[in-house]
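Note that the chains take the letters A, B, C, D, E, F and G in the order they are written out, and that residue 1 is the start of every chain.
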Amino acid sequence: MTAVEIIMFACLAIGVVFNTLGVIGLLRFPDVYTRMHATTKATTFGSIFTSLAVIVYGLSMFFSQADSQYLTLAIHAFLAAACLAFTNAVSAHAIARAAHRSGIRPVLAVVDRLAEANL
Amino acid sequence: MIEQIPHILVLLGLIASAILTYYFKDLLAATLAAGLFSFLISLEFYILQAPDVAISQAAIGAGLTTAIFIIAIGATGRFEGESS
Amino acid sequence: MIAFLVTAGMAFLLYLVLTAGSGSIGFWSFSELVMGVLLAILNGLIARNFLCRSKSYRLLDPRRLLQLLVYVPGPFFVELTKANLDVAYRVITMKIRPGIVRVHSGLKTDLGIFMLANSITLTPGTLSVGIDEATNDLFIHNINVSEGDEKRDVIESTELFGLANLPAWIRRIAE
Amino acid sequence: MSRIVRTAADIIYPFILIFGLYVVAHGHLTPGGGFQGGAVIATGGALVIVAYSYAEVREWLSKNVLMGQEVIGLVGFIGVALIAFAFGQVFFFNYLNASGSLFGIPVPYGINAGELNTGGFVPLMNFSVGCEVWGGLTLVILYMLSGLEKEGC
Amino acid sequence: MIDAWILTVICLTVLMVLATVRLVLGPTAPDRAIALDTVNTLVIAAMVIIGVIFKEIIFVDVAIVYGLLSFVSTLYIAKYIGGEL
Amino acid sequence: MKKMIVLFTSLLILSAFLGVMALTFTFGAPKMTDMDDYFLRFGQEQTGTNNQCTSVTFDFRGFDTLGESTVLFCAVIGVALIFRKMQAGEEYEDE
Amino acid sequence: MLWNLPFITVVVLTFIGIVTVLLKKNLIKILLGINILESAVNLFLVSLGYREGGVAPIFTLAPSELMVLPTPQALTLTSIVIGVATSALVLSFAMVLYKKYGTVDIDKIRRLQG
């Protein structure tokens, strides 16, 4: 086990753990908004880390073998992770807004300013 | 053997999502299940070494199929057996 | 004209990133560069009214770009990590006290609002639910409203972040 | 949709466009081609349509231009195939391959890194089919939205 | 060496199946939509890793297509749920 | 009810037929591969493409693609005609 | 290996698709069934062309020379795009029918007609 492999496996482990937490939160939380907290943050973070493992793999192979295809692998994995982080936030906002417009109120809420604002 | 486990799980997920598409009375939920079906079948094509087909299914199934079904549901009605 | 140049330039940069590692001029081959220029011109002709809809070219300032490049892996990533530890804690213990609060942002441009909303969505315990189009205030679903906050009408956006002052960064970048 | 979604659609549309063009242009080297790239770009158009309302989009995306794109794509596809007669060959013969001119560099046999300037008339066909699919699928979404009862959606 | 990658993919597919449970149960439509969104994210992560397992560099393009386009369907669903379509 | 029973029986017979047919194929070992092996061996030098799917789509089986793009064109024209009539306010009455 | 599981999946999916087309009354649900049927056929073609240990038929930096069959993939590829266009056509017909009859239930449409 070299240092690079340890970093890669650590990234994979972190990614799997946070993805698992996200899915458990999706199953356990009581209403839409809290479920969205779990899925948006945790699965985005986990997928960024699994992609990071691939990036580390590609870069280490690129520097050890000087083969430019591994550079392509690293860059494309980075682009996939970046698109993921960008679009997940937007779609979470869209679904939250739509859920609130369709009349679903947060369970256990102590305050709901958006319903008072009457937009 | 261990490499086949994701393949088997994806195939089972395909069957499950097809049954869900049949089962839901709410057409919006049925469309969502069809979207899940499309994602899983794209992953299956990817595993079967057909990246061309996977890209095609990704581009079509991720956006356009769901979009046209949602538009048609918006024009007609959300529940099965509903009429105006 | 500026819009066309900006869009074509960004498209060309993205094309270069996508095709890195194809040849010998730097990382690129000659035909890739020619094709990249052609496709970037086509892209600029089609999409110039989309990318530059607001007609503000603040991000062309290199200092702002540099700050953007520091912001994403720096303070933003730190807050993202903290958010995930927070979510892990809430998933395991189920201690939640949710509520939707109004947050005063003080930002004016579309890009600033967009960046703040996305940062809020990905950072601790908060999720942007709605936006007041007139005053640019955001409505935030907070998973753990702290004591006393439910009485207040408006919360300042800097109070949401613990470690780094993200709204100040966004104001420096986008305003 | 809200202002955040509109800004996001504005920012991401050029990237979808250039990525779709990349998929079309590299159809003979990497997974992709005319059908896939055209579908990607058409989905980008669907993104713009969903972020704004139909009344706004109708002025940016002209139906006549899209229909013209579709016709040009189909005619270009048949035309590129028909030029083979001018070389004294059969229909769909790849006359540009290994000719040294446009897209005409001969390919080494076996596994290689790939060079964009190869493929004969396949890239031209990719571009025309991509044009057709782009126009056609965007047109489908636009027309189906116009069939909705409610205005201002 | 390769086993860690395969193990990760197996975990991700199991998580997909678990997220499908929320798609079945979900009392309201937004619940089902976020379940679909979760499956999306997991599919992208799995695709990137399977690309490494197969040693095929060019396969990762499919994951980028997913990352760029998967939220279009989510936006359509959100627009319909929000009553704007 | 009788109709349903007939329908289900025929469907069961159909699926049993399909199942037997599927079990006679072996997954992972295709039998007739002459044409595809030819494409794999000579496609690269005859069409100049590295991606053999594209070479089959646009060169070897170009006529299929021609027909399919015509079908696409016709479908889009059909959608356009339907909604143009709808927008023009024509009523869909019986003759 | 894998005990022909992809083919069995194809059979099950075909069964579900045909049942959806035959038993459901709603036009949009029938179209979802047709989509499933179409995907089943695509999956059947692609898995017919799969070769044990083969790689995708793309020579750009492929890891080995043994490749899966390209022709089924090339035919499947176009059929997906055609499928979405024809689905759009039938959905537009459904929208027109709803405008005229006020329902997309095929039994009610038949009754209203005759």
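Keep in mind that, in the parts below, contacts are C-beta pairs under 8 Å (C-beta built on N, C-alpha and C of every residue); 3 or more make two chains touch, one makes a residue touch a chain.
From a predicted model like this one, the values you see are computed outputs, not experimental measurements.
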Shortest contact path, subunit B to subunit D, counted in steps: 1
Partner chains shared by subunit C and subunit E (touch criterion as defined above): A, D
Chain pair, D-G or D-F, that carries the greater number of C-beta contacts: D-F
Chain whose Cα centroid lies at the greatest distance from that of subunit B: C
Mean-CA-position distance for subunit D and subunit C (Å): 29
Averaged-CA centre spacing for the pair subunit E and subunit D, given as whole angstrom: 26
Centroid distance [mean C-alpha coordinates] between subunit G and subunit B, Å: 10
Euclidean distance of C-alpha centroids - subunit C vs subunit F, Å: 43
Interface hub residues of subunit A, defined as touching at least two other chains: 22, 36, 44, 69, 72, 76, 79, 86-87, 90, 92-94, 97
Multi-chain contact residues (two or more partners), subunit F: 44, 50-51, 53-55, 57, 65, 69, 72, 75-76, 79, 82-83, 86
In subunit E, residues with contacts to at least two other chains: 12, 29, 33, 47, 54, 56-59, 61-62, 64-66, 68-70, 72, 75-82, 85
Of subunit A, residues touching subunit D in the complex: 69, 86-87, 90, 93-94, 97
Subunit G - residues contacting subunit D, complex: 56, 58-62, 65, 77-78, 80-81, 84-85, 88, 91-92, 95-96
Complex interface listing, subunit E residues touching subunit B: 3, 6, 9-10, 12-14, 16-17, 20, 23-24, 29, 32-33, 36, 39-40, 43, 46-47, 50, 53-54, 56, 58-59, 61-62, 65-66, 69-70, 72-73, 76-77, 79-81, 85
Complex contacts: residues of subunit D adjacent to subunit A: 1-2, 4-5, 8, 12, 113
In the complex, subunit B residues that touch subunit E: 2-3, 5-6, 9-10, 12-13, 16-17, 20, 26, 28-29, 32-33, 35-36, 39-40, 42-43, 46-47, 49, 51, 54-55, 58-59, 62-63, 66-67, 70-71, 73-74
